[in-house]
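Letters A, B, C and D mark the chains as written, and numbering starts fresh at 1 in each.
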Amino acid sequence: MRLEWNRHGKSGIRLVKVRQPDDGSGPHDVIDLTIDVQLEGAFTPVYEDGDNAGCLATDTMKNTVYAFARHDPLHHVESFLLRLAEHFAERPLVERVRLAATEQRWERLSAGGRPHPHAFVQPGGEQWTALVVRERPGLVSVEAGVTNLVLLKTTDSSFAGFPRDELTTLPETDDRLLATSLTASWRYRPEAADFSVRGAIRTALAETFAEHVSRSVQHTLYAMGRSALLACDAIAEITLAMPNRHHLPVDLGPFGLDNPNVVFVAIDRPFGLIEATVRR
Amino acid sequence: MRLEWNRHGKSGIRLVKVRQPDDGSGPHDVIDLTIDVQLEGAFTPVYEDGDNAGCLATDTMKNTVYAFARHDPLHHVESFLLRLAEHFAERPLVERVRLAATEQRWERLSAGGRPHPHAFVQPGGEQWTALVVRERPGLVSVEAGVTNLVLLKTTDSSFAGFPRDELTTLPETDDRLLATSLTASWRYRPEAADFSVRGAIRTALAETFAEHVSRSVQHTLYAMGRSALLACDAIAEITLAMPNRHHLPVDLGPFGLDNPNVVFVAIDRPFGLIEATVRR
Amino acid sequence: MRLEWNRHGKSGIRLVKVRQPDDGSGPHDVIDLTIDVQLEGAFTPVYEDGDNAGCLATDTMKNTVYAFARHDPLHHVESFLLRLAEHFAERPLVERVRLAATEQRWERLSAGGRPHPHAFVQPGGEQWTALVVRERPGLVSVEAGVTNLVLLKTTDSSFAGFPRDELTTLPETDDRLLATSLTASWRYRPEAADFSVRGAIRTALAETFAEHVSRSVQHTLYAMGRSALLACDAIAEITLAMPNRHHLPVDLGPFGLDNPNVVFVAIDRPFGLIEATVRR
Amino acid sequence: MRLEWNRHGKSGIRLVKVRQPDDGSGPHDVIDLTIDVQLEGAFTPVYEDGDNAGCLATDTMKNTVYAFARHDPLHHVESFLLRLAEHFAERPLVERVRLAATEQRWERLSAGGRPHPHAFVQPGGEQWTALVVRERPGLVSVEAGVTNLVLLKTTDSSFAGFPRDELTTLPETDDRLLATSLTASWRYRPEAADFSVRGAIRTALAETFAEHVSRSVQHTLYAMGRSALLACDAIAEITLAMPNRHHLPVDLGPFGLDNPNVVFVAIDRPFGLIEATVRR
């Protein structure tokens, strides 16, 4: 028996890069990639003999992607992958490098009629909801909403001043990336008959997310709910659920690189979940 | 022991309505809903005694949604649910009606710089892909693509003239709704260095989908691939995979209603899957 | 430009076969497959010219799978696919046939210590749940449950005698396949301190599902809830949610075949959803 | 306007605990939980004023779960949640605590006819696959396999001796938890007609996973492939894909606790992916 073919690599490397002018002025861009690295080569002793002397750790492949992303302009993903491929091809025993990337698009939000410099929406996934509950004649509740409206801002968000106990390790931050997948549902006043307000409410929610200087998800959630109520008389209350889609800055220090909120890893689980109802 | 609370209903009713002017002129609209019907009431004998005399079949709930959708303008989902709620509230034993809808948005495609009258794209879900395979110096393949680009046209699509054997039951049709979730991947010429063509290729694919008079998914796929190659010299070949996201006209005949391609059910599985590579 | 490669087929064909002795005695078996058919061949005119004369409809592929399943013993999926491959290989223009199947296993349920002749559980997917809500000292609610416990019985289930209105088309049936994905959650009595009852409750639920002669999902749900309360004094009430995972007998009449509850298609959406709470 | 209701918490906390006798002898147990923490209370200033003085960080909730898991016997999840609830109820401003857990079951593997002390299989999710490709008469390939067979061992796995470059940060380990979701596919010899070997191959794969003293995923993969070929003459080769489902020991040092491979966090992405074909 023999090893006929082998391949090893790291899959599902989540890389979110915030691209910004070197002098800190000007608008930000967001590039959101999920990358798979796969290497083939003369790795038979790793398999047959348990000899790891030639086994490039998949953890190192992940580190490589983040380190290269620090200074790569990432104007085209293809070019980024080509640079990575050259690097991996030079590792010992490697004979074939396969790099795949999937890019999730982010669109710039508008606020006040102008493109916002650092707030974004992930197009798609957003769905509209409606709910009618009829108890008896004259007692009918109508709710409507949006779900999975994915929003992100690259700055104007902090989280500090929270209580610390013996189980608290989270550092304070005065500048973080904030992302959420918003679910909002508003209840119409009993007499409401005009159900055309969805667009106005959605605009109020998204613009407030973009422009609010956030001290916490809770703080921004309340501002968004308040804006929605101000934007539309027909609704009596609004409930918002905002999972905190954590994006953590990658520690590039071991590679001699700084990371001034440029290279992030997006975390699926666990996630903070903030929910509240705002009423007139 | 006793039945403390009960609810029964139909969930996941897929309703796609094509709204068009009565005289057949003018542009189409697409409304895409997934509806849950839930009824509470005095149904204890159904549970405790197996007595179905008062048990509204969930299949009938589904029929009701489709029948009501035939002539409802569906300008606001909330109003549609209110009408359905009145109907269900009048069924025997019903005490509480809960109707929930999730709406998937479709945006009108543009073609030739103008909004297309009957072709649509489902915003979101679309992702961009890239793939680099490096075999050795000088032998590097670069591919890029889009995946999950969901397209739909409400007319200009037929499927007829196919062979019939003893296992064929599909009727021929000269006018059907056509929807797909496109995955396209193009291979750059070896010397290509400009990776900025994605937008142009995507436009060529989407516009051809919109404007092609389709005799089959295969027929449209080839036209789309050809357009992409014409639009962009940098690519050598393109591979397309187009699942046929079947939308079947609902048979409203049992309810005394016609259905001239107005009310559809969207089917998840099975699905046709058409794949091909077009090369210069 | 030219068509370099092509493939078309049907994916996601859901086939559930109930295998039973010819004389109707003896235990049933369930085989649950999802099949993909893919054909390659000389189909260029379909793509380039819109000429469907040689285009085997993917709908016919689906019909073929169901018709072949009627009398195939399905002892080994590999053999079934080989027979199908021979058939498709003989269709005009076909040069290569690729058939893939994924099989979902079903295990026979036990009841009263013996294997049940026609009730099954889908191993896996089942998860255990727990929920603690603490309002204030002394006011703490403890619930526990199981979710996604997938059960199926091939007979001893009917649905008839339900009211018919002008929107009712469902025929009555005195013998149908019944399947569900059970979610159950029980609330402990306030003073309960023994949380080891999960196994006993799960057994009561599954055995009652197997042995109950069902007139409706509601009817069986109530019997299951009652059994759980009888099996365990520590719980005060139980809530069950039972989606009706519809399995419809395939109409094989057009192919000259009968179908005495042997060949089914499993439907994902829509689904009936029956929920209730049973309390002491 | 006012804040009518609020709730904040951490969702999707992945906790895998390995329970073992204090003296290190005897078999291990695995408890695999996903926990949601939700707190309600007098948190209005957090929302309305951006005042975080009373805002318990959701990151601290996560830490609390891991710290409590270190010494909790976890015999019943309900009891663990009750202890956590008491702790959270004593935090400032908290008025209501809601704790939900979902438990994924692991079953002990057998090897050599006896229960294995530290190797487990996650029941369910496992599916069986088959693939027939017919090129022309006499040229037919038959493959079969299993997919999503989820295996875990709590010890007898190391990863050390791999090369270190400037991008390597992974520490060496001589004792780690190893988990995978196996996909295996074997190709039958051309003349094979007996397709009943699946059980024997599955047993060989699972037993070898359990008993192999692993120096890497690659090392164990090869041993498993070799065992499968030895167990069954009818197959010519086998291809295995083994994603490394990383389970990382939680750093409990900040809370004054050790963690001798007892409390783990399960990571979804990224994951190592090891693939190979073993042939006679």
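Convention: a residue touches a chain if its C-beta (ideal position, glycine included) is under 8 Å from a C-beta of that chain, and two chains touch if they have at least 3 such contacts.
Predicted, not measured: the structure shown is a model, and the values here were computed from it.
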item: Steps needed, at fewest, to go from chain B to chain D via touching chains; value: 2
item: Centroid comparison with chain C (C-alpha atoms), farthest chain; value: A
item: Chain B and chain C: spacing of chain centres that average the CA atoms, whole Å; value: 25
item: Interchain centroid distance [CA atoms averaged], chain A/chain C, Å; value: 37
item: Separation of chain C from chain D, taking each centre as the mean of its C-alpha atoms, in whole Å; value: 28
item: Chains touching one another, given as label pairs in label order; value: A-B, A-D, B-C, C-D
item: List of chain C residues in touch with chain D within their complex; value: 76-79, 81-82, 84-86, 88-89, 95-105, 122-137, 140, 142, 144, 147, 188, 195-196
item: Chain B contact footprint on chain C (complex, rising order); value: 1-14, 34, 36, 38, 43, 46-48, 50-60, 62-64, 67, 92, 159-163, 165-170, 214-219, 221-222, 225-226, 229, 237, 239, 243-244, 254-255, 268-280
